[in-house]
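What follows is chain A paired twice: with chain B in the first complex and chain C in the second.
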Partner chain A sequence: MSVQPFDSLHEDLIHDVAYDFYGKRFVTCSSDQKLKVWEFSQDTNNWELVDSWKAHESSILKVAWAHPEFGQVIASCSFDRSIRIWEEQEHELKNSGKRWLEKARLIESKGSVQDIAFAPNFLGLRLASIAADGVLRIFEALEVSNLAHWTLMDEVHVHVSRSSNPPAFKEAEENYCLSWCPSRYQSPMIVIGCGKENNARIFRCDQNNKWRPCEVLDGHEDLVNDVDWAPNMGRSYHLIATASKDHRVRIYKLLSNKDGFKVELVADLNDHRTEVWKVKWNVTGTILSSAGDDGKVRLWKAGNKAENEEGFKCIGIVCNDRQSNDTMEI
Partner chain B sequence: MSLFPEHNSNAMQFTPFTFQPPPVDYSQFEGLSSFPSSKQFYEASVLTEAFLKEDAYLGKGKGKQVEEFEPKQETQKQTIFLNPPFEYDSNYWSTTNQSTGVKFHPTRSKDFVCYVYGKEPKEKVNKESFTLDTQIYNCSLGHDIDSRRVFYNEAFSIFREAAKAPLSKEWREKPMREKILCDISWNYVNAIVNHIKSLQENPTKDDRIKRELSTFRDMMAIWELCRIMYFIKSERYQRLSTDLVTWLNECYPLGALTEEELFEIRESPNLRNTMVFWSRLYKLVLRGLFPQAINFLRSIIIPVEVTSDKIGRENIVNDIIQSVIKCIKSRPKMASYDTDLIWRNWLSQCSQLQKSIILNDKFLEENFVKILKILSGDPDAILGKSSSWLEGLVALVYHKYPRCVASDIRAALGPVFVRFSVHPDPTSQALKRIFYQRIDDALGYCKHIDLWLLSHLTDLLCKTDIDETIGGKSLLLHQHREGYLIKFAEPLLTHSTLWQVGFKYLEHCEKFGRIFMEEFIGKIPFDNERKFEKILKICEDNGLIFDEKCIITTMGTKYMQIKRYASTIIYYMRAGKDESLRSICNMFLTRYIETGKIIFGEVLDSIPVDKNSNESVNFLSRYKLYHSLIQDEFYNQAAQVLVECLRSEIPPKEFWGVLLFHTVALMKLGNIYIYIYLIEPH
Partner chain C sequence: MSDHLKNFFDPRPSTPPWSNFSTTNPHFTIAANHTWNDTSHSSSKENQILEKASAIFVIKHNLNSSLTALSASPDHNHIVVAGREVLKVLNVSEREITEEFNLKNRSFNKVSNDVKWGNISTKNKIATAATNGTIVIWDIGNGRTKIDRKIDEHSRAVNRICFNPTNGSMLLSASQDCTMKLWDLRESDPAKFTFEGKCENVRDVQFNSINQNEFAAAFENGAIQKWDIRKPSIHERKLNAHIGPVLAVDWHSDGRTIASGGRDKFIKIWDMNSDSRNPRDIIGSMTSIARVQWRPNHPNEIASCALLSDNRIFIWNIRRPFIASYYFAEHEDVPTGFLWHDSDVLWSCSKDKIFIQQHMSDSYRPLDLLSKCSIGWSVYDKIAFSIEKPNDSIAEDQQVSRSIPPSGNQFRIMQKRISPNIIEPRNELQQKTGIASLPTFDHKAFSYLAENYIISSRDIWSVCEHNAKIAWDVQRFRTAQTWKIIQLLYGILEPVDKNTTYNDKEGTNSLSKDSTSTNPDKSSGEIKESDSIKDLNTLTEKHDEALDDDVESVDDNEYDEEEEFGQVEDRIKDSGVQQRRTTIKMKSHTVQATYNSTLCQNWDKESIMSQLLDYYAEQGDVQMCVTLMLVLGDRIKISQERVEQWFFSYIELLHRFQLWCAATYIISSCRIPSVEMMNQQSTTIYTTCNNCFRPILNSRCRYWICDKCRKMLNPCSICHNTVKGLYTWCQGCSHGGHLAHMKEWFSVNDECPTGCGHNCSGRI
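For the complex of A and B:
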């Protein structure tokens, strides 16, 4: 058990961090409009800043790192309504500010772009985005060696009721998030936190490459702030976690049936007792992390049925200070 | 080879008890060595002492009947405190634009980063005043693998041997099976001991080293108890009680005397009347440490002068001491097959001696009688003088049931737990369940001790006939074996040097190993061709075709980034990335149109191309051949190649004009025949 802190040197609040595929580097984004790339140094046993540049005209809200099969590619999205694609230039010096070259700017969104995620690599170089206009957009770089050309493959309004006649959206009221299904043995799927509808919905890509709304993960009493689809790891079912403004972390189990999935709420955790903003599964889908306004990160793990431990249990807490009263140290 | 720290020079010196296990006579199952050879049993161990003291303390809650099966301990919550902490005030923090963010590491399941997260972009919030926190905290719940690298490598080679060993069902009735199991077990114990030694030799004695030592000692105790209790099932194995005593003395040795005790002994005018002396003697007898007990007894024989007034009384006491020593010395060895009769005779002698002891000094009389009662297996005397349930149980088995088998031990547990409670730590609970032969429960506690122990012990237990010997009940350990092994191997998969070992473990997990390989094989970073080929070998060996292609493509893309096109093409061809190859070839053709230079000539020189190669690369190769033929003035052959290029329809439409331009140029030469068949010529 260890903690290694370092200062990100951002001049405003951090909105997101994203690891590269191997976990050897990560990128941070902030309201200071900058992206910063960090690399783990074996020599100093610490993370070192390897580049920093002004990447957008407004706050950068999310950042994502593509699979290395497609090169060293970062996507960032911003309050400035754009998504920008950055490619590393190996020949440029570290910390020169030129190492990451903007290759494309995707400006289809009519509101701030609130979440982006690269698809799993077996689907090609695809990028999903969800903006404050409530539209899920799927972009694809059909020619991987030419990152300047991205094709908008599909646009889907996530509010099913509004899709035929979308009203003018109010930026301040909406909040969206998305996560791809990582399983290579399923048709492409995305779960989306659907803003004011207070739910999350699964969208599935059909044989004609059209994205359709499918199952709803309901039960939320307020906005869904974050969603994360767990790595499948050979399970016969899927797990999706949501973080909500209603102070709860929820975990849904998706069991395949002939029409799609049977959705079952398997955990409804209110330990944070404040708004929960982030949920994230680990690489094996065995531990879920959640973070909220209580200033704590909680780690959840499924009980072992063979040992009569049902449900998800909190196995760890990351605390800011030792005054905390609901922790148990070992 | 000693497991524990060197003998405390301040402590009372004992005659070293040498235990030399090998060579082993497996045919009789009697010489099975319990431990790697130990020079001394009496080394003080701070940790073991602490354990014994704590246990002894808890054990004083006399009369408490402990339930055989206690409820499982709750999963312990780990707490990480962020240091330096960020500015946090629970009263107003959530009303600011700040919250906490978290993201897991993409390859290490117990590593993550957390940070103070800006909930909304600054454009959406009114200007507010708060202390800006931009710290990023890298947190890890995992254990340090590097310090165990040698141990893991050594243990893996034993695991691999165990996997190859002929332990299938058809071998079950054969004595060789038990020999193999014991050999494997022995090798594992040796690996543990080697690691303990390396930890002891480590000059830094920080908390981490101490914790690791404690963990490995626990592992050792559990592993060896399992071997004694489960691995040897032969009816000829009659050393269970002696093996248990040896196990107790090695894993939970009798601590050295404290300074105060030593002082009391040194200052005592007459050891016979010293409590510490008798207390120590009881321990030696309880633990079957007879040579030391005899030495102790000899030390209180008082030489008597003929002129002394006390001659009669002292002679009597000396005679009793000699008789007790004789009694101890004549205790039958459990190895002999006619022990029953000899044992009964010896018990009868003990009993007679007890009855014959009548002394004026009642203190002395009581102690002699109690020693003899312990020797003859009196439960009250044994448990009354024991300081922990483990000591009590092992002493009871050794003195009262010397010829018992593993399944008989349950019967001895009742009286022990009437008198003692068991410390709730996982090791004590696991040991208790091993004695109860509830191996699934025991493994449940091993989970809280160490994943290596859990996975490897489960694996080896699955190779025994344990499921048939414990009430014929189907045990869960067979179901859990793979899960435990995967859980153990998972952190190794992305370790810089142990990743291959991790994947080898997965190869032994028939049901779920492949899924984990698929998830992790692509996540091994490769900086050189050698490592890259090793990764591909794992893919090939396990039929991970899709992942193999992804990894090769990634290698190709790496070369593409640094504009090494020949390597890129070779790897893309290997991965079957036709679209990417077409794109690269089109790029070369476009550059040719723009500059008139064939920059792909050198690139193609280092690429082996044949008719089965990618069509775009093949086209490029033929087109390059056309140019070299023209250069060497082989116009007819050049024309043939050009026709091939024209007919192939591979190049982009923009390039067709170039090919036609070449055609016209050739035709202008006059004596060149260009045949374009509308149908394929026969």
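For the complex of A and C:
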């Protein structure tokens, strides 16, 4: 295990990092309103900046990479209330600032767009977004070759009780996040961290293509800052992780039953002891990472059943030491 | 933490702990949007609205008319607000807002662009600037409200007016007619000076608060100018500040720095004493900037509001130009004017008809809402991350606040404490970025296995043997052993396989010998495992011998042997994986002893296999699941849905690792229709016949023969055979062939191997 520091060259906080499908490059987004794409160079054995451009008028909160079957496409969302779709122009030079062209600007949100996620590729080129106005919006590029045209397919108020009477929301009080269910054998589902409700809820697309609120992942004592639905990989159950302002990382196990899921809290981890901001599963859904205000990335793995270990164990900590650069404890 | 306590710590609690406050003061009510009719001012029909949860600081006053500007009296006790239908003087105190009088009257029905309250000699005067170019001076002294003077010297709208801060009788105007004019109100003469901005519409003017002879002006063409009124002929300094109109300028209290805001969404900070033509600082906002104003006593902070589409008032720190330090979100339409009462109280008016007095502790801190860390996982189990060094002072704060009991008074103390009077300087970013490589996923082994596993189900014995060896090569000992077990379970029991095993015996043996002899660096920890493999190998070899000698007789003996080993079988059913292994080993000895290979036949293979697959699925090892499914085919009964999931997941992984051939092979070997279909979807290749260059379309001949020249399509240019597998061709001349042949050819040649004369080297 090794940690390789790199200089992000961003002028303010980085809020999200996303690798592409192949793990060959990644994009960072920052409050400095820029997106930067990095590529691994075999020559220098280092990650090198290949392009950087001003992408938004305010802090960029999330960035996502579309499945490569739709081309080289990045979506970013910002405090400036827009979602922007970028496509790589392969004929433009690297680091020219022109390599990524803005193809579309989705401005339907009435508050800062706090999370975006591309749907699993078998659902088409779809993008789910959630903004501070508490509305889940699903966009689709119906003509995959025409990235300039995105249709707003659905708008769903996530606050079940308030849906009939949209509140005069105070943007700053809400924090939303979302994650798609990666399984192709169930109707499309999204888990959403529901702001002031202090919980996360699964929304399911029914036979009539209407998004319905379903199971609640409860037990949170404050805002849910992040949710991540684990890649299923043919397991008999689903896992969803949440990061909360109440200092905890929670993992829920979802077992299918006849009318949905039986939800079980399988881990409630408070090692961070400060607000937790991010949770992210690895590609096979076997390791969970979490990051919080304690300045550490913690790695979690399910205990080995054969050895009678229950729950999730911390298997590693990546931290930023004062003297040395970055160190990793195990 | 109790609910009460939790609310207490929430900066914007939903049920304020000081709710008893409403009983002490009838003007303060807690309910959201509750309207309060001012009984003491029966003439006033306006409503005073108090926001929930922030009653102490936010006071709203509805003026029933869209507002455009506001100004404060020199003593800051009164405010004048101007709007489409109103020009009202308000009495403003810490606790309430009441209407003093209305100046709006019959003779004046133009919209006011700006309003300013005079000072010193004009402290009882109010000036308004109208869209028709008229400037009106109102006298409000001694209870009178009369028009003192009307100035009609501008030919077009006056955008902004400004009293000189040290000499209240000097009034400066900025007009759409490209001029700025200065009047001395002590005289009734026309303008003393007219400053020509060189035919550019003037959007804003402001006197320097230190040097009373200086003023700054903002122009629609993007320029800002500094003038000295003693030199009215020409500007002293000109800067091309913005792209598009500059809408606002504001002098810093230091008398040398100017902030400008433009429709280009930037706030720029200029040092007027420096020779540089570049701004000292730039703040990038998300909307066009309509107004800017430095915050008193906070030399690095400046407030701004938008021209359109954003109802918030932002307060920026020039040291942190990308994230606003605070913002107010009290208005429901675009704010049109704001003014600092002191360093913590801000007055603002808006198109939403409401005047608001708000305190800094009602503001939001965007930084609190932004995550300070991020994580991204790559398929290689690398984590790109950014984390911030933990701030020790935050932890301290929490400790302190925890100890404060939740009562109203103390809440206010805490509010004050939190209320950010001092901004921690943050010139250097605390965030660190890096990439951690985890040893949890060995992609090299994955790729090796993907490329070398045999996935046909025809000859299970040798396939398992081969796959065990492959797994052994990459030190996947557990996987290797699994293959050995599968080999025992499925490889030797069915009559068909027995024959195959017999026929392929030579190959199998050589493979297994190979695997034992080429043990890769046998670490001490693995000795036990490798020994057991060896064990198994020797055993299986012996099996073969047994089979060799006695193939015919096996069927005859089968029945008896089954009876004999029934007990063993029961034990196996109940045992765990580890035990099962030993059992197998033990049984193998028995086999060895009895020279009988059929004992395993009645094992509960299904439950063993489903446990086995569950185990690998749990580990996320879809590679093993899929390979097992392919090798064993329909011998395993398991829900098709799960198998499909494994296939799709595995194929996606192969794609992620760019193992296209392996993925295609898996797809075409799979008998599940939805998986098989993947190879036929969204695949269109446009090519032409390499003989007559006619485009190949899906016609009668189904891609095999060209419609026009009736020749076999696109054989390999080198060996002239039809290519099955990877075909590569030149987009220029349509000639191509086997990938390997083409590689070989073009490693030394540039031209097409057919001799067509085309130089393909760059295109193939």
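The rule is short, and it goes like this: the second predicted complex is superposed on the first by the 321 of 330 C-alpha atoms of A that agree within 3 Å, B and C clash if a C-alpha of one lies under 4 Å from a C-alpha of the other, contacts with A are read in each partner's own complex, and residues count from 1 in each chain.
Heads up, the rule we're going with is that contacts are C-beta pairs under 8 Å (C-beta built on N, C-alpha and C of every residue); 3 or more make two chains touch, one makes a residue touch a chain.
For clarity, every value in this text was computed on a predicted model and none was experimentally measured.
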Room on chain A for both chain B and chain C (clash or fit): clash
Touched partner set for A:88, first chain B, second chain C, both or neither: first
First, second, both or neither for A:221, with chain B first and chain C second: second
Partner chain(s) touched by A:314 [first = chain B, second = chain C, both, neither]: first
Chain B versus chain C as contact partner of A:236, first or second or both or neither: second
Touched partner set for A:19, first chain B, second chain C, both or neither: both
Touching partner for A:284 - first (chain B), second (chain C), both, neither: both
First (chain B), second (chain C), both or neither touched by A:183: second
Contacts of A:259 with chain B and chain C, given as first, second, both or neither: neither
First (chain B), second (chain C), both or neither touched by A:43: neither
Chain C region in steric overlap with chain B, selected from 113-121, 185-193, 653-661 or 707-715: 653-661
Overlapping contact positions on chain A, where the chain C interface meets the chain B interface: 1-8, 10-19, 21-23, 26, 28, 30-31, 47, 58-59, 61, 69, 79, 171-172, 184, 231, 233-234, 274, 277-278, 280-284, 286-287, 289-297, 299, 306, 316, 318-320, 322, 328
Residues of chain A that touch chain C when the two form their complex: 1-8, 10-19, 21-23, 26, 28, 30-33, 47, 56-59, 61, 69, 78-81, 168, 170-173, 175, 183-185, 221-222, 225-226, 231-236, 274, 277-278, 280-287, 289-297, 299, 302, 305-306, 316, 318-320, 322, 325-326, 328
Complex interface listing, chain A residues touching chain B: 1-24, 26, 28, 30-31, 47, 58-59, 61, 67-72, 79, 88, 90-91, 112, 121-122, 143-146, 171-172, 184, 231, 233-234, 274-275, 277-278, 280-284, 286-287, 289-297, 299, 301, 306-309, 313-322, 327-330
Partner chain A, residues of chain B touching it in the complex: 72, 75-86, 88, 90, 93-94, 97-119, 121-124, 132, 134-141, 444, 476, 479-480, 490, 494, 512, 515-516, 518-519, 522-525, 546, 550, 553-554, 557-558, 560-562, 579-580, 583-584, 587
Touching residues on chain C, where the partner in the complex is chain A: 1, 6, 12, 265, 284-287, 320, 322-323, 327, 329, 332, 364, 366, 369-391, 394-395, 429, 431-441, 576-578, 614, 617-620, 622, 625, 641-646, 648-649, 653, 655-658, 682
